[in-house]
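Chain naming follows the written order as A, B, C and D, and within any one chain the residues start at number 1.
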Amino acid sequence: MGLLFAMAILLLGAMAVLALSRPDRNVSWLGAGSVVIASVLGCVPVIQVLSGGSIEAVRVPWPVPYGEFFLVLDPLAAWFLFPTLLLSALSAIYGVGYLRVWQGRRSLGPVWFFYCVLVLGMMLVLLARNAVLFLFAWELMAVASFFLVTFEYEREAVREAGWIYFVATHLGTAFLLVFFLLTARETGSMDFTVWAEKGIQTRGLADILFLLAIVGFGTKAGFMPFHVWLPEAHPAAPSHVSALMSGVMIKTGIYGLLRSLTFLGLPPLWWGWLLIGIGLTSGVLGVLFALAQHDLKRLLAYHSVENIGIIALGIGVGLLGVSTGSPVLMVVGFGGGLLHVLNHALFKGLLFFGAGAVLQGTGTHEIDHLGGLLKRMPWTAATFLIGAVAISGLPPLNGFVSEFLIFLGAFQGGATLGAAGAVPLLALIAGLALIGGLAAACFTKAFGVVFLGEPRTEHASHTHETGWAMRLPMLLLAAGCALIGLFAPFVVGALQAVLENTTGLRREVVRVNLAAAAGPLALVVIGTVAFLLLLVALFLLRRGLLAGRRVEQGVTWGCGYVQPTARMQYTASSFVQPVTTLFRWLLGTHRRLQRPEGIMPANASLTTETPDLCHGNLYRPGFLKVNWGLSQLRRLQRGPVQLYVLYIAVTLIVLLAWKFR
Amino acid sequence: MILLLFIIPALAGLAAFALRSPAVRRGLLIGTALVHAALTAICWQTTPSPALGGWLALDAAGLLFLSITSGLFLVASFYAAGYLGQQANKHITDAEEGMLFDNAPEAVFIGCLLLFLATMTLVTVSQHFGLLWVAVEATTLASAPLIYFHRHHRSLEATWKYLLVCSVGIALALLACFFLGVAATPPNGEGFPLVLSDLVAKAQQLQTPWLKAACLLFFVGYGTKMGLAPLHTWLPDAHSEAPSVVSALLSGAVLNCAFLGLVRVQQVCVAAGLGAFGRDVWLLLGLVSLVVGAVFIIGQTDYKRLLAYSSVENMGIIALGVGLGSAGAFGAMLHAVNHSLAKAMLFLLSGNILARYQTKNIAQVRGLLSAAPVTGVLWVAGFLAITGTPPFGLFLSKFTILKAAIDGGRTWIVVMFLVAVGVIFIGMTTAFFGMAQGVPDKGASKLANRDRWWQIAPPAVLGLLVLWLGLAIPGPLNNVLRQIAATLGDAP
Amino acid sequence: MKPESFIPLLLALMLSPLLPGVINRTKALFAGRRGPPLLQIYFDLWKLLHKGAVYSRTTTWIFRAGPMLGLAAVLTAAMLVPLGNFPALIAFPADFLLFAGLLGLMRFFTVLAALDTGSSFEGMGASREVFFSALAEPALLVALATLARQAGSYSLSTLLGQVAGGHWLHLGPVLALVMIALMIVLLAENARIPVDDPNTHLELTMIHEVMVLDHGGPDFAFIVYGAALKLWLLAALVVGMVVPATGAPGLDLALVMGGMFAVAVVVGVVESVMARLRLAMVPQLLVGAGALAAAAFLLGLK
Amino acid sequence: MNNTNIILVLVVLTNLKLLGSSRLGASIRVVAMQGVVLGLLPILAHTNELSVRFAVLAAGTIALKGIVFPWFLFRAVWEAEVTREVEPYVGYVTSLLAGVLILAVSFWMCERLPMPETLASSWLAPVAFFSIFAGLFLIVSRKRAVSQVLGFLVLENGVYAFGVGLAPHTSLLVEAGVLLDVFVAVFVMGITIFHINREFDHIETNRLNTLKD
């Protein structure tokens, strides 16, 4: 089984990197190499299974309580494994270039060690079919990613971020523990396959389990309001790690949710509603907070929340389909969600790579300090643009395809279902449309302010294009986004196996419904082709027209103002000001304004920041309260030994009074 | 054989008082530890024959705890030898208040250390409750001078509290022994000796009221020594003031010895059909300890006290496990093993940190990873281990105990367990990563002499053991754990 | 692909510049002026196509590509929109999603081109453009969802025709609401009063016009033509809702064209009788449109 | 009214005296007396089966509890040249009343225990409990380290009395061990007291509370 080899290689690579690590030695290629080889090896069985090949399984006894080394590669796992392996390899290559600046200042052994462990952990999570093994891998993944996030632990902000991430993910795991153990009690086994066969029969328990799974897996995936760690951790981490975490690691939460849905039997309607509600909350709030950010990577992090919301919407549609017994909704909903998992992995990885390149070139995340980078970093700019169009869900790229499926499901459900199904779907349509529009707004802002116009500060004016190690992964991902857009029907066809596996529908049913969804996409592709041809035509036309005419260079029309400076350009904050003012009540943006005073105003300034909703208003106060409450109890250990002996006496008396009858 | 296990360290200890040359003394220490460990290893091969008419015997539980003790002592002895070499009789400025003080003579230290080993061994092998009591009390007395190694007022205070609180508690345990004696005399017939095997065999004839009373007294008595809240009060003081190697032994071995005593009691209770009665008490004390641990770990400013309270917490978890019946008891035993290793590791490391930074205040320790890479990495690993994060052993044991709780349908226990453990995790994360990461201040980096092997090797070995137990549980160990668990759960 | 399905596309390509002319004429009428000739836009286009170009040194290929991409997108969109009961060239379930997507793409690049100049005025316009259209998007799709539910089909070509036929009798109010919503979307998307004033002379108050300040020559021709097409297509949606199929192609065509110009006149009337809303009020208008559409959907649930 | 009960009564009285006495020296003497009385207990309790064992046990007990410990504690007090006051938290009268209360409670508690007739006297258990709680009470309610050692001794005596009461079932080895432990315990405590005295120039444990949270 190729995947076992892959894991073995990763393990060896991790060990080797750690062993050979010296501050002055470059171990990057060793680490990256092992990851790449592992990914290539792993992809073979994955693609086989996705193309309807036989499901592979490995069972080896594992001498720990309730544990068994039980791996199964079924289509669902394969579907998530594919982007995981792909992005792991690309991020590794990118990382080689990205980490070069640390060469000599810091031993790179640990970071590559944990990178390998992280990839290994993700693979194990997706393959494990034994509860103990799953949790084991799950925590392994969390720990490894934590150490990657705190790579630059000298910076206070990074430590804070890492701390929040670690605590959040660990608390999420607590819910998973309960979820798994309750299921185990119900089914008397630790075995996912057994769980899937027996299923949870008692309604109430299933509901509880569903909620537990939502919280536990949602924390990792970044559902509002459990998302707090994302906007902290992603900016803190090295960019290739941010790409990996945001692109695929958080998807393990989605995977876990889908996997646990296969245990929980027939869902009631409200499960679908809940997921659509969560999806809308995460989507809309995610994109709104993204709009309000000035930090490029933080902005991207909030967009991960948004896209996770879109995936949740897809799953929600699918669930409604299950509970209303409509196969088309199941296929289109789950299909759209699953496809978006892949797409988001591609364009979010791409965007984080771009952000990393900008960071490395200019040394800042601050959008408002940048500008005009397109002239200096043409490749980065072009690929980032593609990513931006894709994530905004615009044709002809991949983001449009998955959102198209989800919309399709929503429209069909909205047209056929009764009120109980149609109303949530209407909300979904409105919400998803709004999300799309705001996402476009957000990325016109991001791309426009960072790459277009004139440099706003020194940071932006002295910078350079990145090396090939970082450029290549970006180009490949950009190509991926375009290809999925162009070959949408085939990609959708590839969902066949995984959808049978997820929905449990018969092959024929899935095939028919998929075809029903692929048909429109085929025409979308035709439209796309027409669009491209027209583009070429117009290009030629324009060239022909301008040929031999006067084409001059001038200055931008400043509406009569004679001395425009770069600092007069519209900034990111001013660009989104209409949104932030409209949603002020929600965003709670802090403005610090120093008004210009006097006839000759010396200095004036306006700074805004938008802290996270839940983190600021929910979690931090909560923790402080708890801490205060506990500190009241610390009086118990006051010092005098008499008191301590008194405790003994009291305990004795209490025990006697309680038990001695 | 069993006698050897006990006598060799005892004699060595007495000899150590007499010996003059420090080198020989330290040699004796390590040598004895090695021999003891070797004997213990042999015990895994061939169960030794009982001695003194069955008063001394080695059953599964005894073997388990004997091995923990012996192994820890072996590792610690290396650390201690190096430590003493460093501390060799000179005036030392106190970290907290900067006054000068002397250490106790090294002869006393090593002598008591060996006697300490002897007494702990006696605890693990004695089957007779009276003898068990004598041994437990003896461990207290043998360790008191160790805690008072640094001759300054804080360690003195710690010693005094340790002595008084433990002695009081253990005196109650003695009464419990006598009660057991009464319980073991049926109104009509002649009584029988307080040997575990007999008690278990004739458990049905025991007089319930006396047994119950004895049981409760035992809980208070040995519970004090085991550090179950609210009887734990001596623990943080003693652990924070004792030399780190002693703290390691206290946390890793002594608490387990007391726990073993309570396990014996529970075995009798189960045999007498009072299993549920005992388990209720286990659960209560366990939960209280968990909560107390959480309360004092959040916002703790002294890292040695932090570790001490974490011991309270883990003892609570172990108690919970036993209180949850057979399946939980398995987890509890496993947790006892894991906790001993991890906690000893951490205490040894805290010794390194104290030596480097000259402070026990968490806020003043920064950038451990940069200042002392190996110690730093081990410190982080130890944190992961003690908080029950894979791939370390405590994850499995905690998981097993939690499973037992959920299978038993003990909702509230599950909730409290998870909440307490979560709070503790938050507290420890802030403390540990605050110390490990960040930029070290000049002071730490100035005396940035590299850690010596004796500071690194012992904790590293312990860390590897915990890791191993997290990846796979060896067959023999598994059997032993199962045997113990079987004696602690009601027969189906 | 039936031959008559080329008709909408061809008509759009040929006649779309006429609508702005009609609107301006209407306004002139109200203002008591003679106003520009109906074919003014054609003249403008012709002139622009024969000019050279001036580019700001700040700008990059994005600035040059923007107009082409925009026009290509809207041309593609033109293949998706039926005219009355003349089906569109490309029709498939939920084709309006592609329609909306292409308009979004057009907007995306127009905005980027504006930002590429580095002018704060164009930035201002861009910011308003993306924001208002983001609010218009839900209104459009919810309106279409309502129609889709009533018609039971998901392709513009079929659902508009079916709605126009028959449904008005028993679903009058619902469809009226939808139509109002669509009209508002039309006004917003095409930068007409009350959302934007196309022929103001103060850059600070403009939205669409200010974005294209720096474009000139053929690029600007593309933009103007694209804008006209966009207006045409949205008008076609509105008209398609009302004009029923009579069966006689000629009559149909006449009706539809009449409808199109009627819409243009209505726009002109609105522009003449209303003032531009304060920018702060615009969101309320657009959200209101969405609310109308949603209300229509709920009423249609029955 | 066998002679065991006489001894038990004496134990009770000594305890009450201890609770009420204000001088350290006096308290030590009382404890010494209690020790001697207890020493006699094995012999008087098991008159029917007199043996060397009991003789040894009695001798040991008297030697330790009656002579060694008191001497030891006297030295501790003398060394620490401080006022000879007990310095209680709880006043003497209150302590006495508390003592009586404790006695009542102990008897009430032991109602629930079926007394085997092998037990020397049915008062044994209550008196044992009484001493134990009295000891605890002393430790909790007095400031001086020495008084706490005394309290510990009283507690210990209570346990011991009970133990001797059912001597047939315990064995010499255990008793020897017990005695040894107690001896060492008091010895170590004594040493600690010396040190406390040296470090702080007082032996009031209520002032040793620098270690706390």
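Throughout what follows, contacts are C-beta pairs under 8 Å (C-beta built on N, C-alpha and C of every residue); 3 or more make two chains touch, one makes a residue touch a chain.
Only a predicted model underlies this, so the values are computations on that prediction, with no experimental measurement involved.
**Student:** Which of the two pairs, A-D or A-C, is linked by more C-beta contacts?
**Tutor:** A-C
**Student:** Calculate how many whole Å lie between the centre of chain B and the centre of chain C, each centre taken as the average of the chain's C-alpha atoms.
**Tutor:** 78
**Student:** If you average the Cα atoms of chain A and of chain D to get two centres, how far apart are those centres in Å?
**Tutor:** A distance of 70 Å separates the two centres.
**Student:** Centre to centre, by mean C-alpha position, how many angstrom separate chain A and chain C?
**Tutor:** 36
**Student:** How far is the middle of chain A from the middle of chain B, if each middle is the mean of its Cα atoms, in Å?
**Tutor:** Centres of chain A and chain B (C-alpha means) sit 44 Å apart.
**Student:** Two or more other chains touching the same residue: where does that happen in chain A?
**Tutor:** Those would be 634, 637, 641, 643, 645, 648, 656, 660.
**Student:** Which residue numbers or ranges of chain C touch two or more of the other chains?
**Tutor:** Within chain C, no residue contacts more than one other chain.
**Student:** Mark out which residues of chain B touch at least two other chains, giving numbers and ranges.
**Tutor:** Counting only residues that touch two or more other chains, chain B contributes 160-161, 164, 168, 172, 209, 213, 236, 296.
**Student:** Touching pairs of chains, which are they?
**Tutor:** Those chain pairs which touch are A-B, A-C, A-D, B-D.
**Student:** Considering the complex alone, what residue numbers of chain D touch chain A?
**Tutor:** 89, 109, 112, 133, 136-137, 139-143, 148, 205-206, 208-213
**Student:** Would you mind writing out the residues of chain A in touch with chain C in their complex?
**Tutor:** Listed in rising order, the residues are 371-372, 374-375, 385, 389, 392-395, 400, 404, 407-408, 410-412, 414-415, 419, 422-423, 426, 429-431, 433-434, 436-438, 440-441, 444-445, 447-449, 452-454, 519-520, 523-524, 526-527, 530-532, 534-535, 538-539, 541-542, 545-546, 549-559, 564, 566, 568-570, 574-579, 582.
**Student:** Would you tell me which residues of chain B are touching chain A in their complex?
**Tutor:** Spelled out, the residues of chain B in touch with chain A are 160-161, 164-165, 168-169, 172, 209, 212-213, 216-217, 219-220, 223-224, 230-231, 233-234, 236, 277, 280-281, 292, 294-296, 298-299, 330-331, 334, 367, 369, 384, 389-391, 395-396, 399-400, 402-403, 406-407, 414, 418, 421-423, 425-426, 429-430, 433-434, 437-439, 471-475, 478.
**Student:** Sort out for me which residues of chain D touch chain B in the complex.
**Tutor:** Checking each residue of chain D against chain B gives 112-114, 116-119, 128, 132, 136, 139, 145, 148, 152, 155-156, 158-159, 162-163, 166, 168-171, 173-174, 177-178, 180-181, 184-185, 188-189, 192, 195-196, 199-200, 205, 208-211, 213.
**Student:** Residue numbers of chain C touching chain A in their complex, please.
**Tutor:** 49-60, 62, 68-69, 71-73, 75-76, 79-80, 90-95, 97-98, 100-102, 104-105, 107-108, 111-112, 115-124, 126-128, 130-131, 133-138, 140-142, 145, 148-149, 152, 154, 203, 213-214, 217-219, 222, 279, 283, 290, 294, 297-298, 301
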